[in-house]
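Have a look at this one before I ask anything.
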Amino acid sequence: MPDSRAAPAGPTGSAHPSDRAELIARYDAARALSERLAAPLSPADRVVQSMPDASPTKWHLAHVTWFFETVILEALAPGYTAFDPAYAYLFNSYYESLGERHPRPQRGLLTRPDDGEIAAYRAHVDAGMHALAETAPDSVWRRAAPLIVLGLHHEQQHQELLLMDILHAFSCNPLRPAYADLAGAPPPGDAAGAEGALPDAVGWIDHPGGLVEIGFDPERSADGFAFDNERPRHKVWLEPFRLADRPVTNLDWLAFIEDGGYETATLWLSDGWQTVCEQGWTAPLYWERRDGAWTRMTLRGPIPLDLAAPVSHVSYYEADAFARWAGARLPTEAEWEVMAARCRPSGNLLDTGALMPRPAHEPAGEAIEGQAGAPRRMFGDVWEWTASAYSPYPGFRPAAGAIGEYNGKFMCSQQVLRGGCCLTPADHVRTSYRNFFYPHQRWQVAGLRLAADEGISS
Amino acid sequence: MPDSRAAPAGPTGSAHPSDRAELIARYDAARALSERLAAPLSPADRVVQSMPDASPTKWHLAHVTWFFETVILEALAPGYTAFDPAYAYLFNSYYESLGERHPRPQRGLLTRPDDGEIAAYRAHVDAGMHALAETAPDSVWRRAAPLIVLGLHHEQQHQELLLMDILHAFSCNPLRPAYADLAGAPPPGDAAGAEGALPDAVGWIDHPGGLVEIGFDPERSADGFAFDNERPRHKVWLEPFRLADRPVTNLDWLAFIEDGGYETATLWLSDGWQTVCEQGWTAPLYWERRDGAWTRMTLRGPIPLDLAAPVSHVSYYEADAFARWAGARLPTEAEWEVMAARCRPSGNLLDTGALMPRPAHEPAGEAIEGQAGAPRRMFGDVWEWTASAYSPYPGFRPAAGAIGEYNGKFMCSQQVLRGGCCLTPADHVRTSYRNFFYPHQRWQVAGLRLAADEGISS
Amino acid sequence: MPDSRAAPAGPTGSAHPSDRAELIARYDAARALSERLAAPLSPADRVVQSMPDASPTKWHLAHVTWFFETVILEALAPGYTAFDPAYAYLFNSYYESLGERHPRPQRGLLTRPDDGEIAAYRAHVDAGMHALAETAPDSVWRRAAPLIVLGLHHEQQHQELLLMDILHAFSCNPLRPAYADLAGAPPPGDAAGAEGALPDAVGWIDHPGGLVEIGFDPERSADGFAFDNERPRHKVWLEPFRLADRPVTNLDWLAFIEDGGYETATLWLSDGWQTVCEQGWTAPLYWERRDGAWTRMTLRGPIPLDLAAPVSHVSYYEADAFARWAGARLPTEAEWEVMAARCRPSGNLLDTGALMPRPAHEPAGEAIEGQAGAPRRMFGDVWEWTASAYSPYPGFRPAAGAIGEYNGKFMCSQQVLRGGCCLTPADHVRTSYRNFFYPHQRWQVAGLRLAADEGISS
Amino acid sequence: MPDSRAAPAGPTGSAHPSDRAELIARYDAARALSERLAAPLSPADRVVQSMPDASPTKWHLAHVTWFFETVILEALAPGYTAFDPAYAYLFNSYYESLGERHPRPQRGLLTRPDDGEIAAYRAHVDAGMHALAETAPDSVWRRAAPLIVLGLHHEQQHQELLLMDILHAFSCNPLRPAYADLAGAPPPGDAAGAEGALPDAVGWIDHPGGLVEIGFDPERSADGFAFDNERPRHKVWLEPFRLADRPVTNLDWLAFIEDGGYETATLWLSDGWQTVCEQGWTAPLYWERRDGAWTRMTLRGPIPLDLAAPVSHVSYYEADAFARWAGARLPTEAEWEVMAARCRPSGNLLDTGALMPRPAHEPAGEAIEGQAGAPRRMFGDVWEWTASAYSPYPGFRPAAGAIGEYNGKFMCSQQVLRGGCCLTPADHVRTSYRNFFYPHQRWQVAGLRLAADEGISS
């Protein structure tokens, strides 16, 4: 048997912010955003869990705090005292190496600890983190800093989950409550699209194929951070292909529905068709037909269907069936990434300052100067399903210890999504970012972009 | 085919309180008790639903209000305006004749309307009820009054459910929170029993059998109220039998456990044994073995097992197996009722004034003067499983209209329980009262009392 | 605690046929009938199990044999050697006191032992039984004889099950095969009714009520046998009632369907309505609508709906809903039994000689001379659901040992059916016979007869 | 939208055997093998379906016949008359474009048509195929021939399934029957390994990586046939790696078990660990611990664990966990294929003449002359799980029409296996062959071979 692995780089890679003050300021900002996101919600809203895949707001707020407490403070801050020993059981998500945990489907039963206690927990850990930044010897800080960066990105992932989950919970309430109703700006979760507007025509951007590189490139990174699943950068051979310059829209999807897409077995993967039949799917999640018109449940409450907006809340099965219906296919993640490298990851992402996505008229990911044809809206509207199963990259090494469970153990039966959506914090994503969900899931803001082999005419 | 039924008496029977003021005072008192029971609970506690059989506190508060609104105000108060038309859907429990309703297992997803709106709803309906009492013509009042009495008893049933349900929710929380921790008095849900005390010896009371009458007897009733399922009073032939003078205690149950009761298939009904195996039952619900000692989860939080207290939270399957193990049997409901007629329905019931059960030293159902041997603790400790399936009495007629669904449609596959428990409002029960649950259910405060055929020696 | 029970009478009561030859002849006849019933079936037909409630033909043939082997030969025949020790595991049905057993839902996986081995097993046990009859000392024979009678009745029950189960299996096959197609006679499972005939008008027979006796009466019994669940004979008080003189027919049921019976929630028990919705019931089991006409799957294959025949293959839920729709109710088992005592248990039962039910024109249960109005067709068309839950009679004692599991442990959540059907061997039933099924089950030949309180006009 | 696809090559590729006689001889041989495989089974064995994933022997025999009838005879033989129109419903497996079909989990209920009718069906279609070969015009034959080749490979796949399925059925029978007990030769399903022998030491074969080609190469093919999922041949970039020269053995697996492999959560994929816990896995399927020794259920019945044989009947989850435990990983399918190209696809495959795998001492896939280090036993012992999800190759096109459903619609959530096992007909597999199963499935003869990145020492 081979004698295992060299020392792993860990999910946090080479991130070593030299300036403690700067990192703790990023920490404070990320922590504050979580609380601002929870602010519009009542205590009852914060405890509800509408399905096993989702978690309560309160649980998110506590779990991300537990992560800092367990992975950093208990490991590296000698004087730190745990806020409450019971929390290790209550707020561990899935880390087998960190002990037993509360069953996921029962998170919504935790009416206690109450919101005040969770707030005190957050404050306690925040104080511990500040103390660490102030007092840790350099040798400790060098170990802590990359873990703090990891913790920040972890908290950002839960910010998106918090919004996804509360939208799902509200969609189960016949009153269809709004998370927020904010004049003058699209709320989070509402992909940009002026009411009544029709989508742009789709264009196709060609790529000649060949031997390319994908995966995280520390050389071209602002802060050097990437998850372990984005590493190592590696070569991939691509055949020539073309990629649509924008995601599929609600208008496109209406055409699919009206052409009988949800009733035509031969368009679907076998598992997909079984799901369609068992679940009775006839439209994306959150679409409702009321008095002859389509509406869509959003964080603003139900809104009329916005035809120009990218379709969202579709499963992989639906995305794949749509592409087949359209005579195209989904891109692989390598195809997606080499095209995304042509534009900057800005766009309609969640503005971490204003709690709002950027205005819809802003170019969603502008082309990098000098680049040939760049696709549009690759970041910040919807996560885009790819044809790639979520697998380890060649040479992948999970980090040592508990954080090695962060990504690697999910590398089976899921599909990769790329980009980032209107609920994703703006400084969270990058070109090499790999999101992943099961093919039947659709409560995430997931859409698609078409690809085709070269020589397929539009 | 027979041409159906004569005009039914309805579940409210002959109740016609002549004094409007007195009835509205009873109304106010019952309504206030519900709010006092909810008072110790946080907004998060009030929304949680820990299993499909249970309902959120908030839902209980709204549903009982919906009952008054729908059955009385909308039917009989011409000027009344519904508080919110959506509530008819949200808060209908199971009345098919009153339209579609929110799915029972999803009641816990209703984070909105919030507690304030529910309070406003209650106030709105209370105002409507007061207005009705003040302004209704006599002809209307005569129809309203028995429905109000029914509504009060309905609200009392939900008061008990509210406490049962929150205990279940708290039992699912690893923190095992207490509903209340009240010095100097047993809290609701905690059957009386001084810590460390051992139970009284059991005595047996003989009954000669013969032709007896059971069912509600308006002649001997204080207020003339009974549910339709207690009617009509009718004759039953009994063989000679004997009844234990007190319920089975926790000490008794320990002996059953230690004798391998939960591992001995031949003690159990076939369905019961299957349930034991599938659910892994090894003790009553809420019993936990911690560090070698038994504790019991209660509304006061976990407490050491109180050996003298009646066993509670056992299913019918368990009660039946225990009786078989003990060489005895469960009484039929007729046997229970003729014996209960010998004592007064007082005891350890919920004191509607003080929110507390009566002190434990008070005789729990004192013997009626001049009566021969009367059993003890027949009311107010635990509901007692009987050997009787829940079936209609001979000549049973459900009420006309929606309230005909109140009891009759559940007369299948359930077992009758008699008595009343420490969570049952003190003026709610009576000798003829029939409670009913499925044989596998055990979140209600259910215990048992043994019976035997004559000639069985103790 | 009471110190348990006196020596029980056992399910076989006082049956002591003095003549060994006569009993062994009855044994041979019953055993031969099982084989004749299996004869039309192929090896593949004999192994199939179409649902967990049903068992394969082959399993029935082996299980009834295992009963004789285990309960009689291994207990009372010193020299007897078990055919194959593995069979104790394979062919035990539900006797916990007789050890582990093959899981019920997997009986259909037993392709081995093959039919030849089962035949050899049967022959081996038959030889053992003959040897016992020839050689057992009287003291042993006195113990064996009542167990043999029990075993015969047990085998008869499985003869009916065998036919019920194969009909269910064939109904799952799109080819709808026929068990038998026999010219000139209705096949087993096909309740009598000349094609195209309309049913007789229903008549009502009054009973004055009062104190009656039900349960097995050894004084009036031909052979002294009854199951333990029919004992002891005991008094019951009845209110005056009336009973329909014939079962509900297919024509009656059509009227129920056409009046929206299966779409009207308020006609149904709560559990019943849930079942209707979940299972999509719109007619009795085995009814199919083909090209605008109703057909019914039978042991003869699909046949046009025979309007005059008693409706069959309805659940308790359906029977109860029908009765409510008709403005009537189901009889209790005591009501049924006192009326049945007015006629003889003959009728359309399975002719154990000819494998055929008696011709349809024969009076199905003729009135006993001198009796006032007797109902018709109480035996041999369909089992009739009663309003009575299956509970122990007052003073019920299960037999000691394994056969105590025969009936008693099923006394929960099931309903009693009375009479006997066209698949029931003619000498198997009697007036006091209690059959039982769960309220949702309908693969048995179950119908209903209406009852009503006195003063309800037809 | 792109305007769809050019004319696809179809799964049958360029296969055009010019000689009709030769092809029909291959047809006859393949058809005969199916019948020989079924021959040891009784009619009861042939009808049983032990789980939804498996099918009855009888169904396999009919379904492969239906494929020839539907895809070839009904489409291309003008005079052909279907044997029975009902069979189109009964024996369609999953072809949505060919109409409704019998539900998969109910195939075991088809006791009819009986074996004789299935044999007649097979003969009828065989006659039709012979007639087609004799009389079809060349233009028709050119279309028929590749479909016949496809049908032969389809029948071969079902030959393996038939053996897998009957082994599963027999493993559910407490008698553990043997499919065959054949002196002097390992039976099918029993991977080679002399009793008591210990496995060879594992060696590692290095590959330098670089740009390689995989996928079916018609130039190097004997008969030009490959499934559509093996096409098109395409470039893949590989990093340097090494591959074990033999599969993991039962002895290796014992070490994994003894080291707590099945109890160590951190070795497992998240979905895998959940499956281990829910299913209670503690060893490969068919392993049983009896009286302190391991046995393995095989087509020969239970045998002592053969330590030198490749481990089989493990899921992807188990294979992946084992590799992690061993400090290695599974190979990708490209890695596997470039190594397999170094040896010939012979080995321990099913000898289509003798019904037996080749003797164990024969080199299982000998090295091609002049090739550097070639792995051993790549074909014919066990299917080998790869790290590759089953996805379309770049440029993949499913065939037009119904046969386009053959492979493509399963390209989601499954993993690729490579090689071929002792139940796979010897002329069925090739280097580019892609088998696929869900990660939890283990009734197929699946094992694994370790891989590692370059520089990992053994």
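Lettered A, B, C and D in written order, each chain numbered from 1.
The definition used in the following text is that a residue touches a chain if its C-beta (ideal position, glycine included) is under 8 Å from a C-beta of that chain, and two chains touch if they have at least 3 such contacts.
From a predicted model like this one, the values you see are computed outputs, not experimental measurements.
J.: Determine the set of chains touching chain A that also touch chain B.
T.: Expected: no chain.
J.: What pair in B-C, C-D or A-B shares over half of its contact pairs, by residue number, with A-D?
T.: Matching more than half of the contact pairs of A-D: B-C.
J.: Look at all chain centres (mean of CA atoms) and spot the one farthest from the centre of chain D.
T.: B
J.: Can you give the whole-Å distance between the Cα centres of chain B and chain C?
T.: It comes to 38 Å between the two C-alpha centres.
J.: Between chain A and chain C, what distance separates the C-alpha centroids? Give it in angstrom.
T.: Once rounded, the distance between the two centres reads 61 Å.
J.: State, to the nearest whole Å, the distance from the C-alpha centre of chain C to the C-alpha centre of chain D.
T.: Taking the mean C-alpha position of each chain, the two centres sit 48 Å apart.
J.: In chain D, which residues are in touch with two or more of the other chains?
T.: Answer for chain D, listing residues that touch two or more other chains: there are none.
J.: Quick one: in the complex, what on chain B touches chain C?
T.: It is residues 1-5, 94, 96-97, 202, 204, 211, 234-239, 242, 265-266, 268-273, 316-317, 320, 326-329, 387-389, 391-392, 394-395, 405, 409-413, 415, 439, 450, 452-453, 456-458 of chain B that touch chain C.
J.: Considering the complex alone, what residue numbers of chain B touch chain A?
T.: Interface residues on the chain B side: 42-48, 50, 58, 86, 89-90, 102, 106, 108-115, 169, 172-175, 177.
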